[in-house]
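To start, I am sharing the structure in question, which I have written as structure tokens.
Think of it as A, B, C, D and E in the order they're written, each chain with its own count starting at 1.
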């Protein structure tokens, strides 16, 4: 049973090995020439105001996207089993899922109307 | 359906209260007139009911009815009168018109409206009838608690300067007791449910239960504390002086004269009959409390400066006698107690009312502010003296008979207690006579001369019936005792107590000394 | 998931008894429609349409509940029970929600509009907000939220498996978290209440869930009767059962606000918009007790000897804590919050009776308490001073003289809370305590009686304050004349409180007919 | 593999989450801890589903995910609102409601 | 053909390989991915160059084929800078996460039929299970962590914003992508890649022509949506906003250099290959050669040949990527998000409802609805594109006409200077000193509002 997942593990280990190699190889084979300016954050012109480390925050706006994502992602999670079992569920499945999708659509319409789908 | 006297009796004051509330606010006199009208009507109905009452069957509940109220809890709206209940109902309905008449002006200028005052008193009357007449323990409890509401407002809205304190103290004491009783009530219900299959609150059914003595003790305690608070037994008495002193004289009369009787009535009817073994078990303690109450109340009364508080403390002392009579478990003592309830009601009523007249004239409750009243107001002083003498149980006046019976009953079983209790009589003479001497005799100060006038017509009309009853019962208590005794015998059977071998005389003769 | 997708074998197509679920579906459907209306109606039309929809939905759902009386069935593939207790609780919830909605619809008492922030996302006191206020904007989003919450409440006591119960729990809670934060005035307080409610609520539902997981691990099913069967079948008690039961109870006890899981109650009650507090206090309690009763009676009835001692302690503790803390409160909403804790303790006595009488008693108590609570909070919305609702007790002094009717109604509710005879509270307490003693919980009942006696003190203190104290120097609060919405709400709560007090047989018969849980 | 190991893991995760809720002060962290608790439950459900050989546990995990998502949305909305008004996500600073 | 479908449709053949074979297959996949990446970079440069009338890389090796190798060596010899501001640990982990997740997706992609390797019968697919498409989505989501963490841990504004934009974009398009799969599952009744491929081997006739039931034909709308989402998901032009040089330098990997940067780069290209492979598998019949040819030449779907078809199909898709990059200008962020949320998602949902209804109807009766569906779908697709154009244009129009809105520099959670056309909100304190008349009115309205929040609101 578990053997099905074995290739994933092996491939994952290979990927990890590659990742670690890519991350740590420069320490070994790359040159190292100290220069303070090099260690600064990339800037051009003005001082970048927010400092992500220590006090900086993700702009709230992105949380909205995150929330919307979660809602729809969950919808998808429910749609998949329904879709796979659709032929067996027959009309019942269609009705129930139709109700489900319509409910989500209602919410979607609400979000749209309330300006949840505006970006700038 | 036959004409149901008891139900009508109960409903009459309620209807009266409703009618009074519907009267215009602008015409307080009309409210008082209507109120007195209804209270008199109630009294007349009482008399009619009493005439229909079969004295030979006074141990049974008569004139009764029972309507299903909350079948799920086994609660019925059931009423019926036995001898004791009858006399107490009669006491209540008799006192209400007197109080209304005597307290004609009491509510004027108070925070509440006059019609509210009248209506509250009528509601209280209905509740008092209910509490004495209920044959369903739950119904009894409901009225027991329901009485608090009108009294609370009567004190809190129409009382003296410290009315809030007094009203709240009264309410909290009573509620506390009530809640304890509620607990026992539920316990009783559960016991009945265990024994009978379905729970019931019917008094007769409950009295027929055989309850395990340990359970009995617990249930008894709940009931007893509630009653001990109501009939202020030392050490639960502290609310009474406050409440009585701060309320109007009329309220005080109903409070001390009738309401507190519910406590002693409850001990006699409910504690003894429902929990006979527990009552016997508690007897020493109760007797001790009663005797302490007799002496302690009397001593405090002697020390009082305030007339109303003094009267209140005398009542504490008297309630000691009543409780003593009940718990000595002799038929003489219990008859005496039952009778004492009635007598005390009348004599205290007279004391409070006349004291109230005095106080309202002078504008002070302090004894020291008076003196020589009998010179300026002889009728007032005279009636006061009669009432006071009744209170100290002068032979020939009503209280004497009952106090004598109580003491006799006590001597039969506990001679030494009797001796101590007798001391209470001596002290009673002291506080009554001292008060009389200090207020009525001597040379009246200027202010008394100026303000204190004699009784007016209305006041005389109000007081007269009380004095008549006091004197009448003093000489001829038989009709009352006749209806009381069978009921007392029922109680005696219930507690399985027999009178000790007679020392002096048989009961029947003891009733007519 | 993988197994589902792999199961290419034959599926049993489930059957859903739509008729039996009609009340729940009705309310939830109404909520969905309400969302649509909210999105697409012009601002001007929203309020009247939303109100009509809300009330129509509640009434229609109630009609369906009444029509379904006498039903005893487990529907929707064993996840929802339609039986007497369910219908009684659903009916109660709908009635209470209807009254609460009346209070929420009130717009006349606050000069700025209704009790809710015109836009929750706007900063309090910001230009934007002032603009909304000036334009007379109002919040109609409360209605869909409200309906969703009611829908969850209808499902909660009806669910016969722990999963449905969990979903219902969340459906009822999530909108409440939001509603709690929508107060127009004292916004920071309100938001804080919302946050606290949310964090602790989510925390407790996680406990509920983990308990469910453990019970599932024990029984292999989350259906209540399945768990009961597994308990009967197993000889010894597995650690899973004990731990699962304990965790499950934590979740449920949190919702009903029992000590020691009551800490959210005062904060949330105080901070939320008052009309929401009333709704939340009354309806949540009904729903949560319904669920608790069902779990305890149906699933865990077999191990009642294990959980009863714990419940004894919790019930007693709840009563004591609620009572003692209520004594010291100076804010009327906080006081009622602690009192609700104490009341939860009294109701728990009915739960641990584990008998039909206990069930019936608890249901009566719930209805009685709910009605009085909605009424009491409705009155609190009316008592105001210059800054809004005057919730500090001191400003209530002398209210009895200024507005005797309102003060009397409030006094009635307080007496009902105190359990004074001839009010609904007495009927409830009596029923519960009787059942408690019959069920052998005498010590708890004694604690309960003592607690009631002590509790009576602080209720009566408020009455005394209203009727016998002089108003404070600054004039104190006064009663604002509400529109017919609140007037009707208060009138009807007073009426029900009195009817249940004086003629309880009507309700008692109803709960007796409701019978016991279908298994 | 022995399913009880998964159960131990889930119990540990649940405890960590519970502890985090009680100890941490940042609303978002608290919130993440709650999610951790929910997911610990999911793990338990799925493991038990394996133990019992039925699908209920897996289906339940689904529902729990939905609920967790809904909770996330509501929670983030509340925290965002508070943050906008106070510019802080610390639970400690929400201290107007004191006993 | 049907026998083949049946053989491939049985999931029990997976997980049977001996360990050495698993190891070999994994290694081959791993190396193939790296090599394909190298080749793809060359391919891209070359194709774009041709489109732009240039010749592209041509120095190293034939046709410049060795250029990527030299690039790699150059990168490996560069210094790995760790910025002082960064969160060191996360900074180092992030590229590894990206790389791992990129590799992992390929584990469930079927590359060919069952073949014999050293005497062992084995499918040309690492593994498969009933939810492998879900697995693909899950791993893709993990990849987003790499990007967010890289953006956050770099300690630079550009990185942060780039990372956020990127993740916002990816999750937005992941929904559209996920929804586009639903219709596929409806028809395949399975979420296993090999079974989906097998399902597409079935044939149907359209206008007398026997065609394989490729889902790209049956579900054109889903396919179009997937194609768009695929491009959005991989941050490729015209959706390469996170790397919009003019705005964000290099987006989330601004602060990375050397091999660390290379691993992000590699991940991006592997992801392109992955999504192309998924498109091939789900919509283009997988490794199978389509019907007219396969009927003529049955051997085309046996042995090692299908691997070639598969690679060709992937490169067809990759060509689309390059083609788009060479043709289209970059979208604005808001247009892009709007397109994802307002067009793709609703169209997907409506499409799913439509497909499900039709499917239910055909299951009930024997009514053949496929042609109807095909053409209906095409119309819907046209409408979708039209809606997109309208939306983008309409959006820009309103933007131009809009009043300059008051600008709250704190709205996003941190202060930013106003852009031209935006007006700073005047704080109350400042306003009070300016206009007394306004203040008077304000203060009354404040008193009305009466919230405690006022104080803190503008501190």
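Throughout what follows, a residue touches a chain if its C-beta (ideal position, glycine included) is under 8 Å from a C-beta of that chain, and two chains touch if they have at least 3 such contacts.
Quantities reported herein were computed from a predicted structural model and do not represent experimental measurements.
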| item | value |
| --- | --- |
| Smallest count of steps, each to a touching chain, taking subunit A to subunit B | 2 |
| Central subunit by CA centre of mass proxy | C |
| Interface with the most contact pairs, given as the two chains involved | A-E |
| Of all other chains, the one whose Cα centre sits farthest from subunit B | E |
| Chain centre separation in whole Å, for subunit D relative to subunit C (CA means) | 24 |
| Chain centre separation in whole Å, for subunit D relative to subunit A (CA means) | 19 |
| Distance from subunit E to subunit D - Cα centre to Cα centre, in angstrom | 29 |
| Averaged-CA centre spacing for the pair subunit C and subunit B, given as whole angstrom | 45 |
| Residue list for subunit B, restricted to those that touch at least two other chains | none |
| Where subunit D touches two or more other chains, by residue | 62, 77, 80, 83-86, 96 |
| Residue numbers of subunit A (touch at least two other chains) | 2, 60, 66, 73, 80-81, 84-85, 90, 93, 112 |
| Parts of subunit A lying in touch with subunit E, wherever the complex brings them together | 1-8, 10-12, 14-16, 18-27, 29-33, 38-44, 48-53, 56-62, 65-66, 68-69, 72-73, 76, 79-80, 83-87, 90-91, 93-94, 97-98, 101, 104-105, 108, 112, 117-120 |
| In the complex, subunit A residues that touch subunit C | 80-81, 84-85, 88-90, 92-93, 96, 103, 106-107, 109-110, 112-114 |
| Residue ranges of subunit B touching subunit C (in the complex, touch as defined) | 69-73, 141-142, 145-146, 156-157, 163-164, 167-168, 171-172, 175-176, 179-180, 182-183, 186-187, 189-190, 193, 199 |
| Of all residues in subunit A, those that touch subunit D in their complex | 2, 60, 63, 66-67, 70-71, 73-74, 77-78, 81 |
| Subunit A-touching residues of subunit C, taken from the complex the two chains share | 1, 4-5, 10-11, 13-14, 16, 32, 35-36, 38-40 |
